[in-house]
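In the two assemblies presented below, chain A is common to both, partnered first by chain B and then by chain C.
Showing the complex of A and B:
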């Protein structure tokens, strides 16, 4: 598909921006606006600053159709393969962005709403926040998503409420022909609410290409706290582009974890946090482990708009085989944002001569009374450490996975759900072993 | 148990080992001494399988098997252990988890089932007491931030845990305080048995008062230039290496 034909496909796609998905869809007018925004912004090229290291058009060349819901194509047995052993959670299952109530365990708690975003279209809270995040406005794929999203989740937690267990959201993607899938979610925590979310994905059909363009908006009202884990590990023939855009009001705490593991061909994450109230805490942890020909691009943006906020970011990457990594960490401290603490660190471990990383911090600091730092490292594997382990009888494969797990430890150690910690360690072990045996 | 014949090895194109011959039998305690840079650590590295050394001549048999053909991990699994002169720090890998992995990989190699957590902990406790190893260090990251002496004691603790047939201790005594030296030596003595052998590399006669060797070898310039009994160590302590170096040079010029 050329750039031109991608536009054609998009504008002729079903459902088109002028068509109504739901008769009572109160967010319909927004789709129209969003579509013109997308046309104005245009598709990024390698000349677009934010897309210099990710040739996104390359991944849009194939002929796609807009994914339709494939009812009943996903079974409980298939979903169970996406489980995290020993994790006690409420399981929420989506197929191509649509909530499957029959496969889900929606908590019966009057204070927590989990519904299809299309069903919640009349909700005034949703309308108030939908597509309002300041950083989304300049993002062409976010605009495209706003115009054409199929469906997604709306999660709302009432003031002071919480759940007894984490929500485990399993995003399932299935399509018999190349599909362009656009889920859209909004998570809203009212004052002093808390929630833990684990997102993971499951690709079911690798004979066709799936391109998933997700937008997730998160709103944390005063003193709310969200633990947000995102596990990206799926099948080869998939391409994932995501925007996670969070707004934090005063005293709120946001802990975001992004784990990008094999085997999606391309992953591009745009994570941005707008700090609109003071005394907030933001912890962004990322771990990307890429093998084969994988391309993993993480763009993060922490926007310190007001005074007295703390942000802490640590992204670590392990790149094997021919994998290619990109990290861009932007921190913007506005003039009024005095007493800001903003730290950022990106460490990489290259395990092959052909693996590559492009990393760039972007610090824009306009306030004078702030503490900010950033750092970037690239390391090769320590032969000494490897030899030490092997000399104790530990095979090369196990030794390497021990060392990779050790490298990732700063990140996995922050995960405060033991079952998830174990699951990640085991995944890392498997992928490192897989890469060595290739 | 171990037969080294005419072993030559080089590193970065530089010849370091120049024809080592050594025979180690079950139950024996060998000491290797020699000036700095003579090749003692190189010999242990070659035996353990460090990849940057290239063996250019000779052979090494370990219980009849060709040691040099084996990967480092297989050498360990066959029962060879090297206590490093400079143990590496590995942040993020817990000491205990590392030991458990090592122990179980060795067991798997011998078709034994993995140890249950309970058994493992029991063994850990037993060995920790045997070599008087600080229990607090067991849960820390492998050697990370350990003092020089603590690292050496961790090597001995690992030795006790993995229970090898042949243990090579490369200057395990340097960096130990006087009490630690005695404790480590008595730990090693407790591990001695008729079916095991030890090689201790040391610069100090003092260690050999606690661990009494059957043989003392002097390595100089990549060769074993003299072999004797524990009295040789005393003589070296007294006279230094110059007389030996001279002997070697005289022989060479003849």
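Showing the complex of A and C:
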């Protein structure tokens, strides 16, 4: 691969999916379609409204290898460091998007399928849903992913089925040189199925830069319920761009949690939920805690296409050091989506003079019998609260960490797995303490 | 009580009340836009060379620019070569009193209900009438002169107070700010100029009435308001336009400069022709309004009631440069039929302890689209900056849209910025409650809407508040279905 900027390489020279010799021929037409879409959309610049606060060019200016076939390796010992204490779960390990069956505990109850997406290419359900989410159609990086992704997970839960414990998916990334890694996942819950997923990531090398461009599609059939936790914390030198696109049919429930913790250099999450059936419930919770030079950008989009749906969104940010936060949340209520209840809130805590936040909470509403609102705040924690704690003999570091934990409580309290809750509280304490001591 | 469908039909078919044209001979510039047009306008207005050069600079900037694409509506096809850029009522005689004004012109104002005739109407309003962009009659000049206040047409200011105009022109809205501002810089026909000297509190409301009369003309007026140290002024602007099938472009520029401890209050009631119920005709109101709080503890306050225009597209802004400066934006925007409003404000917090408050109330009915778009930016120097924003939208009918697109950028950890927005319709329980008290639905809606917009209407000077209330009920009564 050439030494020129990767941004230039993918805008001009990247070869199409035809070059790829792989087992997933059944989805090759979809890949080709996505590739021509990618060519049409072009890469975003700062003038692109959706990217005005994230200069993606800057994060793509290095030379990357477009990782497609490389097989990285990890050891069980390395994986054990990525565990969440006291968490009882089925562990699924992926290396650069590839499922490692030897390191994973795949539940064998016959109702839940977990396989490589490339192995499932013949699955008609996969073909029916692959790259179909309406929001993905306008996203250049999602199109690039669909065209050239290496591999990923396919999870299918049969009707009325569920698992006795959550799935803990550990994404590990390893490469000897700068790599652009594109995993692709699809999660499909059939009628009345339920599932809990915890995703976390582990970076194994800090010499080379990894750029991860991942797409996860989620489909919830009637009355299905998914708890979806995403923990983003890896080593430095990594850049994360993700699309999570969910389609919800009638009576389904989707609870999504996004925790962005140090220290990926850049994180951009695009979360979109299309509500295609009525009486659904959507809860989107996000907490971003950024330190150093981190840039954290959360874009969320809730698309109310039909009547009688409820959506509730709460994103909170704690920005330390020179961190840069971006939040863009959009609620779109279509003309037929009467009786919609849609709420959105974004609160931010700026903990240092150099930290900053750009926020765009948006409402786009075409139906009249609805209740929609959004709120935004930014500020410091109250000096009085800090003084109160100090006057009770609590040290500055402990007091600040207590206040940040209290600020984050609205989010962490919604987590319904105690081990995960404790893990997050401890992480927040560590990062705040680290930033204060600097 | 009439049934609601009848009421809706009635409203939908209501004629634009101010749709009459006045038969005054107008002097028009040849159709089209080029350097010649600009020289023609400049020559007609007997402008000095520096003014012409500034216009040409604006034209150069304009040629390089393109129409923006980010707005939340379909940009109409605008052929700027098909407009005439100058239309002045043909009468060049200097006027000293109202008796000398063309009676037909006065009759027009009579119909509009402008208090130009001070004996008959509310006292205390000095009106600078801009009729197709040329200032026709200015009242109360003498009284204001005694206090050292300058309130005259822009053209006159260029001739009489060139040093003031040169010092401030384009300092708030540069000639290359945006395509419409650049166009205005190149071809502006006239406008108002206000200068309040140090320590003077302007004893009356200053008022300009804009009215677009001639066909195929764009209205390009330019207003410059300067409040020197410790000065205060309240300025009113009202607009109407006669009915025309073709769309007319209105691309005005307003610049406000507030120096130390000065305060400027700018109120607008905009009632341009909105087009008919199929969205045919109407005014494109693409205006650039911006004020700068240059001095410490200065204050600029925008209040707007927007009920007219086919498309209203403007963001009155405040740059809070001085420490302890304060900016306010109060807005009521009503859209119905196929009207479009994409409006809001931009507040730039640059100085320490700066404060701003934004209250926006959108009401959309029929097939209209009403968008609030606003920016609150806190710079790194703006310690303890404070902003509060509230945007509420009210939907009447299920074929309209209400949107909120705020942009918030905070670069200072000591700043506190809050934004909240809600969207809802008029509650059936509220209507029921009022019905039950013997108030018919039509009046109940007017009452609820008036209550909803109260916070903004309260900011208007008394005479305007009365008119605005009337406009609101005319626009909306019976729209409930």
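What we mean here is this: the second predicted complex is superposed on the first by the 413 of 438 C-alpha atoms of A that agree within 3 Å, B and C clash if a C-alpha of one lies under 4 Å from a C-alpha of the other, contacts with A are read in each partner's own complex, and residues count from 1 in each chain.
Simple rule for what comes next: a residue touches a chain if its C-beta (ideal position, glycine included) is under 8 Å from a C-beta of that chain, and two chains touch if they have at least 3 such contacts.
All values reported here derive from a predicted model rather than from experimental measurement.
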item	value
Clash or fit, chain B versus chain C on superposed chain A	fit
Which superposed partner A:356 touches (first chain B, second chain C, both, neither)	second
First (chain B), second (chain C), both or neither touched by A:383	first
Contacts of A:374 with chain B and chain C, given as first, second, both or neither	second
Which of chain B and chain C A:398 touches, first, second, both or neither	first
Vertex chain A angle, Cα centres of chain C and chain B, expressed to the nearest 10 degrees	80
Contacts of A:263 with chain B and chain C, given as first, second, both or neither	neither
Chain touching more of chain A, residue-wise (chain B, chain C)	C
Partner chain in contact with A:409 - chain B first, chain C second, else both or neither	first
First, second, both or neither for A:366, with chain B first and chain C second	second
Shortest CA-CA distance between chain B and chain C [superposed frame, angstrom]	16
Contact residues of chain A, present in both the chain B and the chain C interface	none
Chain A-facing residues of chain B, complex	48-52, 71-73, 75-77, 81-82, 84, 87-88, 90-93, 97-98, 101-103, 105-106, 109, 141, 158, 162
Chain A-facing residues of chain C, complex	70, 380, 393, 395-425
Chain A - residues contacting chain C, complex	49, 335, 338, 348, 350-353, 355-380
Complex contact set, residues of chain A against chain B	382-385, 387-396, 398-399, 402-403, 405-410
